[in-house]
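These are the structures, in structure tokens.
After this come two complexes, each holding subunit A, first together with subunit B and then together with subunit C.
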Partner chain A sequence: MSPIALLGRIWLVLILIFLYAPILVMAAMSFNASPFYQLPFEYSSKWYSDMAGNEQIVTAAIRSVLIACAVTAIATAVGTAASVALFRYEFRGKRLLQALLFPPIAIPWLITGTAMLVFFFTIGIGRGTPAVIIGHVALALPYVIVTVTARLSSFDVTLEEAARSMGAGAWTVLRRVTLPWIAPGIVAGALFAFAVSFDQFVVSYFLSKPGDSTLPVLIYTAIRKGFTPEINAISTIIIAVSMAVMFLAARYSKFGGDR
Partner chain B sequence: MSQVEVRNVTKRFGRTVALDDVSIAFEDGGFFALLGPSGSGKTTLLRTIAGFHFPDSGSIRIGERNVEKVPVEKRDIGMMFQNYALFPNMSVAENVGFGLRVRKVGSAEETRRAREALELVQLGHLGDRRPSQLSGGQRQRVALARAIVTNPKVLLLDEPLSALDKTLRVDMQIELKRIQREVGITTIFVTHDQEEALTLSDRIGILRDGRIVQAGPPREVYNRPVDAFAAGFLGEANWLSEGALAGLTLPADPSGRRFATRPEALAISAAAPAPGMNAVRGQLVQRVFAGAMATCLVEVDGQPWKLIARDRDIPELPGDGAVWLAWAPQDTLVVPA
Partner chain C sequence: MAEVIHAQDRRRLLTLLGPAYLWLTLAVFLPLSAMLFFSFLSDMPGDAPDWGVTLGNYTQFLENPTYATLLWKSLKLGVTVTLFCIVIGYPCALVLAKSIKGRAREALFLMVILPFWSNSLVRIFSWAIVLRGNGVLERTLNWILPFDIRLNLMFTTEAVVIGLVHSYLPYVILTSYLALQAIDDDLIDAARSMGASKLTILNRLLLPLSLPGLLAGAVLVFVPVVGSFMEPRILGGRMGTYYGTVIEDQFVAVYNWPLGAALSFILLAVVLVILGAASPVLRRART
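This part shows the complex of A and B:
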């Protein structure tokens, strides 16, 4: 191996350490028996069983998963419909509308959260799980639209024309021709939507009622009271789930590459 | 199988008039080529018959039914697209069976008829393949089988051979003609390739700027073009300048008319031709040998002329290039000026 290639390898390893060392330490500590992070390391699954026995954590985890599922269903359906419409129709203001769909990715969540809180109070929705779901859908929608639109850009419209010429109505064309083609984009978009909702802290913090926290909000509150290895345990699980979801999303979307 | 009739159809896209009061009838069981340069409206006409565009005015009849307001999927047509448009997520047999499944004919009949259609295009053995595993020519055949499997009233072809290389194209032309005859389906075919139009069709329609310039059997359109555009678009024309008309036997009064000859109607020689023949003097520019045939480019009274003949029929020509081009008076083309 040439010196340059060797340096390259070392650089890569350093980057990976930089990215993953804190996570690995946390994951390791979630299996360490000492509550004060003392070494030497002594294996224990105590924190996981404590966590499983902690009703607050379990309830928050279930709530987070349910909210993420609802958000995924709504954002995927609405986002896919929007992408197909944007792909298929030309109308006045289309470019502006497309441009308006992306700021939610760029606007700081803190601002979005504050704005939503004010808005939901004004119109009477207030705080609580419905507000959290609506807020998450708004955040997740652009991700779905981006992935589905990327997939649609390689779709050949003459396929739809061919299906129609053979007698297929609009619904059959969508179900048999268009959707099968964009399915990988839809799956990737759904996984993104799930991840955006499940990992969301800022907006959830603003919009959830004190008693009905989502998991990230509960973790934040718990940390303020004192850091326990229980939090390491639940964080490790969240990271594992999120990374699994992102790997799946990457696999389906190929991040813009073709199949 | 039906007659298709387009009557006074006008179609605008914004300010562009794509079809300008087009009326044309397509006979039952006929093979009709729509020929024209790009932007002439030939594809718009085909897509309007298919139902992808609705005419702004005028009527379209397929068989006994007026369809100008009927959407594509209810018109009972078969269509073949330039890029074949095979469904990548379905097998060849599923592609061919698609129209039958939409019509809910039942799975046994669907399988049987899809197989019959595939056998008709000689691909009976490839039903399980994916379109991506087929060659260009095979995809072409699948697209054809898929277009005719439902026994549509009319088969519409949008430049279906343009993506194939030349050898395959000629094979497919023959095959397409055979299948069209065998099925007896009324076929309308869009092309910009005049040779293809002449080879395949029993009627040709030439379009220009959204209008039908001339329609008729290929030989008639070729031998009696209605205007200079038709004469120049279908085949090549050597135009006689006004000054060259003196002494020629013309089939009509020269006032308000132009005259031309086809390259293959000409004979070239060094000496003046026999009396009774029309002839003009010219200067040989180039003689191009192409195996059996040869082409001579000759300048006649400032006009570029072209002659095509069997190479062995072209005599020894003088070194200074001064030649005579001769043709029988009845081979003179006449068009309005």
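This part shows the complex of A and C:
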């Protein structure tokens, strides 16, 4: 191996350490008995049992998961329908519609979130779980549409034509030919949508009611009040869940892979 | 394709597209319009019966130098974080795309991208544990180094930069990697066979061809960093007052929504100007 290639690999390892070390430290500290993160390390699962007994954390966790599930269901259904239309039909204004998917991704969440707060307050939806769901779906939709469209672009339209020529109706074609092909794209899109909602902090922060908050909002409030290892414990669980979800999404969508 | 769209097709198109774009309109485009309207109000309509239309919120930005100073501070933070992400991330993408092959590459790429999709708040929090005085970083350094050092990075600008670089680094790696991977290896072989050195190949071939990807990554880092408020709050403490935290305050602490809306739109305008300046290069990236 040439010296440059060796140097490159060392660089890569250093970056991986940079990316993972703080997460691993946090995970390790959630098993440390000392509430002030004192070393030497002494194993204890105290913080996890404390966390499980903390009603606020448990309620917020359940709420976060339920919101993420609702967002996933809505965004996947609505987004898949839009992807099929964008792929199947040529029409005027199509490029504009595709361009409109980018503002929700590109505009800083601080601006989107505060704008949603202002608008929902004005029209009477106010703050709370419905507002959070509406906001999350809007953020997740572009990800679903982009993922499903990417999968569709490898779809052979002649398959549909063949099915139709053999007498299948539009609905049958969609259900028996198109949907099975794009299923992996839909699964990846759904996982993205779940991750967007479950990890979303900024928009939830502006849209959730005090005392009725999602898990990340609760954690933010707790950190600012001065944190305890209980927060480590729940944070460790969150990161494990979201990494597992994204690992699955990556397996399904194979983005950036060789194939 | 210049197909004539039949009435039936049009109905189907509307059924399929309608929900998604109605949703985006209700949850993104109308709110942005509402906020633009709010930014011209003198008072919150609910609070004061005599609210009117005014430019006052925008002139406040011009009259009170604090806002401009903080916007400048946030822009500088954006530039610093973006530069660090490029300097650290581009070589990493280069190694991944051109030096490592096969399954190892796929696995390593996934490992680099994975943290980026995990909760950003939790990752910032994890730095708070590492950086605090007498924390893990200080102890580790003292254990490695022969001399004792005092190192408490918590609540400093450095802490904010470290946390933000950690948050956004994968963006630059992802976009640069995709651009570099698209470069045909035959081109590199051709250059090498004609006697080009590694440095020449990098400067004259890889860097220009992957520049659009690198720039796309830079924009994806810069824009959210300029609008960040959670990271400076947690890692910056009293040093962590930025433009984003001032906007946050208007909405959750001071309840001056019209001013917050105006400050948000000034930020949006600055961001759009920067995106506009970068768009010619970005457009090349897509083709």
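Operating definition for what follows: the second predicted complex is superposed on the first by the 253 of 259 C-alpha atoms of A that agree within 3 Å, B and C clash if a C-alpha of one lies under 4 Å from a C-alpha of the other, contacts with A are read in each partner's own complex, and residues count from 1 in each chain.
Keep this in mind: contacts are C-beta pairs under 8 Å (C-beta built on N, C-alpha and C of every residue); 3 or more make two chains touch, one makes a residue touch a chain.
This one's a predicted model, so the numbers in the text were calculated from it and none came from an experiment.
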| item | value |
| --- | --- |
| When subunit B and subunit C are modelled together on subunit A, clash or fit | fit |
| First (subunit B), second (subunit C), both or neither touched by A:166 | first |
| Subunit A-centred angle between subunit C and subunit B, computed on Cα centres after superposition, in steps of 10 ° | 100 |
| Contacts of A:155 with subunit B and subunit C, given as first, second, both or neither | neither |
| Comparison of subunit B and subunit C by subunit A residues contacted | C |
| First, second, both or neither for A:181, with subunit B first and subunit C second | first |
| Which of subunit B and subunit C A:87 touches, first, second, both or neither | neither |
| Distance in angstrom between the closest Cα atoms of subunit C and subunit B, superposition on A | 7 |
| Where subunit A meets both subunit C and subunit B, residue numbers | none |
| Touching residues (chain side subunit B, partner subunit A) in the complex | 50, 52, 71-74, 76-79, 81-83, 85-89, 98-99, 102-103, 146-147, 150, 156 |
| Interfacial residue positions of subunit A with respect to subunit C in the complex | 4-5, 8-9, 11-12, 15-16, 18-23, 25-26, 29, 37, 39, 78-79, 81-82, 84-86, 89-91, 97, 100-101, 103-104, 106-112, 114-120, 122, 134-135, 137-138, 141, 145, 170, 195, 198-199, 201-202, 205-206, 216, 219-220, 223-224, 227, 231-232, 235, 238-239, 242-243, 245-247, 249-250, 256-258 |
| Subunit B contact footprint on subunit A (complex, rising order) | 156, 158-159, 161-169, 172, 176-177, 180-181 |
| Partner subunit A, residues of subunit C touching it in the complex | 1-3, 5, 9, 12-13, 15-17, 19-21, 23-24, 26-32, 34-35, 38, 45, 88-89, 91-92, 94-96, 99-100, 102, 105-106, 108-115, 117-123, 125-130, 132, 135-136, 139, 166, 169-170, 174, 177-178, 181, 198, 223-224, 226-230, 233-234, 244, 247-248, 251-252, 257, 260-261, 264, 267-268, 271, 275 |
